[in-house]
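These notes open a run of structures that come right after.
You will see two complexes here that share chain A, one where it goes with chain B and one where it goes with chain C.
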Partner chain A sequence: MNNYEIIRNFIASNTYKDVKALNETTLIFKEGLFDSMGFIMLIDFIEQQFGIKTSDEDLIEKNFESIKAISAFIDSKIQNK
Partner chain B sequence: MKSNKTYFNADVLKIDDVETCVNQITEKLRHDVFFKLQRKGGVVGISGGIDSSVTLALAVKALGADKVTGIKMPEKDSNPESIRLADKLANKFGVTTITEDITAALAGFGCYHRRDEAVKRLFPEYDPDNCKMKIGIKDSGLFTNLPPLFYITIIDNKGTEHTERLPTDEFRQIVAASNFKQRSRMAMLYFHAENRHYAVIGTPNKHEVEQGFFVKYGDGGADIMPIAHLYKTQVYQLAHYLGIPQEIIERTPTTDTYSAEQTQQEFFYQLPFEKMDLLWYAFENGIAPSVVAPVAGYTQDEIQSIFSNFERKRKTTEYLRMRPVMFDN
Partner chain C sequence: MCGIAGILSYSQPLHEPVKQIKKMLARINYRGPDESGIFLSQNLVMGNVRLSIIDIHTGHQPMADTSKTYYIVFNGEIFNYVELKKELINKGHSFQTSSDTEVLLHAYMEYGSGCLQKLNGQFAFAIWNDKEKELFLARDRVGIRPLFYTWHNNMLLFASEIKAIAEYPDLKLMFDFSTLAQVFTYWTVLTPATVFRDIYELPPGHFMKITKTGIDIQQYWHLHFPTQPDEYYQGNLYDATQELRTLLSRSVKLRLRADVPVAAYLSGGLDSSTITSFINRIMPATLQTFSIGFEESEFDETPYQKEVSEYLNTRHQFFYCTNKEIVRYFPDVVWHAEIPVLRTAPVPMYCLSKKVRDNNIKVVITGEGADEMFAGYDIFKEALIREFWARQPDSKYRPLLLKKLYPYIGQFQGKNRMMFKFFYGYHLSETNSPYYSHILRWKNTSGLLNFFKDHLVKADAELNPAIELHNIMDNNIMQWNMLSRAQWLEIKLFMSGYLLSSQGDRVTMANSVESRYPFLDHNIIEFAARLPSDFKMHGLNEKYIIKKMMQGKLPENIIKRPKQAYRAPAGNSFFLSGEDYVSELLSERGINEAGVFKFDMVQRLTDKISTSQQATEFENMALAGILSTQLLYYQYISQKRFRPEPSELKNCFTFIDITQNQT
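Moving on to the complex of A and B:
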């Protein structure tokens, strides 16, 4: 599985959504799929899954608004490790 | 009851005739307690805060002071001011009060132990006897579609603060453990209500109910909620009319849940109540951001972001307002 699929599966399993209903541009937070608890879970998940550490400065809409944005954020974090 | 409802302005929520508004509430409260709920009076949990104070005053006006009992339920993390102000309120309205210290009950549930266990996983040096703690949100998320993240702060006995972002497990454990406080208070209120054949008169305001700032079966558990339709600024308007002690009116609303002092704005709302009221009214009445922006002092994009946040908050807290799911035959 690539990063996109890993993130999509995580979001689907935690929001009880059909995986097919999520695409790379689905606005996860704007559409109310995740609340604060979901956001915390997502951060914990990507830190553990990809072995990266997020700072407060990383936690902005540009990096987390969609699966595409999250995947790009993870890639850049891994590259800069 | 409200002025200028035909268009949106800063005074749209101002109650023009507070007396009539109070009379309508107390008439309904009296009718519903006696005839709908068929109870002889009411108990109100009083904390020295504005909402419970207004609720108690309305209950006294509706039912008579002899049919209302104020219940104070401090625990070891409570601010002592809460008791002093609750007493001042009860004296003013001639209400009998009972003090139930729920510390032992909470210790029995493991409230403190379970909460502190989670805190120590983040701060091994945390000593609940010598440190204070609170959880809150960072005041930066108003114009983003991301929901706020929660942070924990411990304050040592030298006054030094240490803050960490809360991870999933610790966040859940601290919140779940702390919610024993509101649920224990609910259980105690029902004891005193049933013991007198009274109703439990709940104290949440409109924002608490609609934005999900309450504990399910905790402070959200009551038989009747006479101010659940009122915006916070309207609660203050009633407070002035009803003669709530000035000290209570001027007190900054706090959660009084954690050992360190924390305002409700810091913990949940992110906005001062005056702005919150106006923006929530605009949101729920579908008023266009272009109309709201100049009145509220934000740009249209900012208003749109705030509305999106409100929508997300309402949607993600639906579970709290749901009644138990029951099956058909």
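Moving on to the complex of A and C:
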């Protein structure tokens, strides 16, 4: 599984969405898929799964608006480790 | 307080009417275990099971006027019957009993449907005019007492609860999936529908007249908020506080009218403490109060309950409701509620009314309605903060006010205020939508639709309240201020459709206890609606006018404590309880037999909740909603399980048969 699939499965499983209903550009917050608790869980998951740390500066809309954005964010974090 | 039922047919003779009405009434006999009665004419059979509270010895039902033209069955109370009776005597009416039932009957004879404007009470009733062959059904302003009906083979069947209607032979209940889906978005069904196909409620504040030639349903009371500056209350906050004190004192006094002892619920919050304090002034040192506590401190309010009961010197009794009891009684509560519930909170109320009844109390007074009328809920604050923020959407500071509502937001301290936009920015700029206050809650809840089978519900469809709510919306809503709009939605949907029903009438009447709500006196509702917003929500200080009024009359601790939403434990209690029904209902066989939910989704949910300590709010709602829907399927659709055995109708002291006079 690549990062994109891992993130998509996590979101699908925590929002009880059908995986097929999510694509890489689905706006996960604008469309109200996640509430604030869901977001905290997502950050936790990313940090544990990919062994990265997120700082306050990372938590901006651009990095989290879609699965594609989240995957790109993780890639850049891993590269800069 | 009682239960009523009836069958009306103009086109064909009633088939075994007495047998059928007895079956219907026996199904709801807990609403009125003291006695029962039946009225039979050629077109109509109707009856009543009675919980005797006012005029115990002569207030039997059904009741007729002396000319034997009008006949009534009545569920509820007319609190101002003493004053109304005087008015009617002055107009030449004479009375045989000292009951409110007879006053109601004469008020209808005198004023027709106009009598409803004069009633201060909580009621659902049916009056038959035998001369005109006309049936009149009516329900109180905000829906404290229930009334359902359906058309079946050209007959009208009506009753206080759906389960009584379902006793009629050949009447098979089926889920209406579109309204079932509404519960998983709005937390209730949009009136007049129910979750069962072709079964309707008479909406609160409405009456229905049925004649041989047709049916006429009309709304007789509207909840209005000011549209012009001069429609607002014109006095200052001090004046308003004094006026509220007078209104509430009158309301409480009226609601103490009973020929049996009256007790009060004391939750430890501001509203029930306020009501208890008012009762205490009228009947000092004799009041019995009851409260419920929980194992988990997160939900428990017993220290506050203790403090208020000691301060007001009431004879107080605490009861604990264990997580095990919540799970054990959940199926009973769903049977009574007749609609899925997304919370377990009605269960402790059911346990509490059981304890109250064990103490020989038939009537309790509670604080319901204050949160709706005087803006106590967080959803009102959330709407006001979002509106304030939307005026400057790029403001770094405005969304920080949300921290007051959701303390865990503190985890995002630092430079990441943009985060707020992720969750609370949903449709932020649409402040001119009538649903602005509720859209976020509905959107979050509607995620539950993902559990439904795909062909039943379109889970991915854009939430569209404008279409769904179109028929019940008030045309003036956009001329009201933001708080009024939010209050109106909360009163119309949540209060009538959940708080007063699933968590109110159904769980108190299940144990033959009547609840009374002084804050829901229509004089107080109308007064509260006229108040300027900041008398209710002062900055972000909720129920400000009540706090002002109670200064010095309640412990400071109670007045100043942050509002605690009444909630009950859920989540993995269901899996730890060892109750077999949980795994049975959620098994592949159970889910597939009911045919409502996708088993793989349900399994994902149950795996998650049963293995983790902490379920999210969303998951708790999903579990309660799915379990209660499954229960309703077995109780009402397949009728195979989880339903009490029908009993015989008892104590049928009144039988009025006018079929002989008519032939």
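Keep this in mind: the second predicted complex is superposed on the first by the 81 of 81 C-alpha atoms of A that agree within 3 Å, B and C clash if a C-alpha of one lies under 4 Å from a C-alpha of the other, contacts with A are read in each partner's own complex, and residues count from 1 in each chain.
FYI, a contact is a pair of C-beta atoms (placed from the backbone, for glycine too) under 8 Å apart; a residue touches a chain by one contact, two chains touch by 3 or more.
Predicted model, so just to flag it, every value in this text is computed and none were measured.
Peer 1: Could you tell me whether chain B and chain C fit or clash when both sit on chain A in the superposition?
Peer 2: Superposition check on chain A flags a clash between chain B and chain C.
Peer 1: Answer with first, second, both or neither: which of chain B and chain C does A:Glu57 touch in the superposed model?
Peer 2: It touches chain C, and chain B stays clear.
Peer 1: Of the partners chain B and chain C, which touch A:Phe39 in the superposed model: first, second, both, neither?
Peer 2: A:Phe39 sits against chain B and chain C alike.
Peer 1: Tell me which partner A:Glu24 touches in the superposition: chain B (first), chain C (second), both or neither.
Peer 2: Touch status of A:Glu24: no partner.
Peer 1: Quick check for you: in the superposed arrangement, does A:Ser13 touch first (chain B), second (chain C), both or neither?
Peer 2: second
Peer 1: Now that the structures are stacked on chain A, which of 63-71, 135-143, 243-251 or 603-611 shows chain C clashing with chain B?
Peer 2: 243-251
Peer 1: Where on chain A do the contacts from chain B and from chain C line up?
Peer 2: Touching chain B in the first complex and chain C in the second, residues 29-30, 32, 34-41, 56, 59-61, 64 of chain A appear in both lists.
Peer 1: Which positions of chain A touch chain B when the two form their complex?
Peer 2: Listed in rising order, the residues of chain A that touch chain B are 27, 29-30, 32, 34-41, 43-44, 56, 59-61, 64-65.
Peer 1: Over in the complex, which chain C residues touch chain A? Could you list them?
Peer 2: 406, 408-409, 411-416, 418-419, 421-426, 440, 443-444, 447-448, 450-451, 459-460, 601, 604-605, 616-618, 622
Peer 1: Quick check: in the complex, which residue numbers of chain A touch chain C?
Peer 2: 13, 15-18, 21, 29-30, 32-41, 56-57, 59-61, 64
Peer 1: What residues on chain B touch chain A, complex-wise?
Peer 2: Residues of chain B touching chain A: 137-138, 144-150, 165-168, 171-172, 308, 311-313, 315-317.
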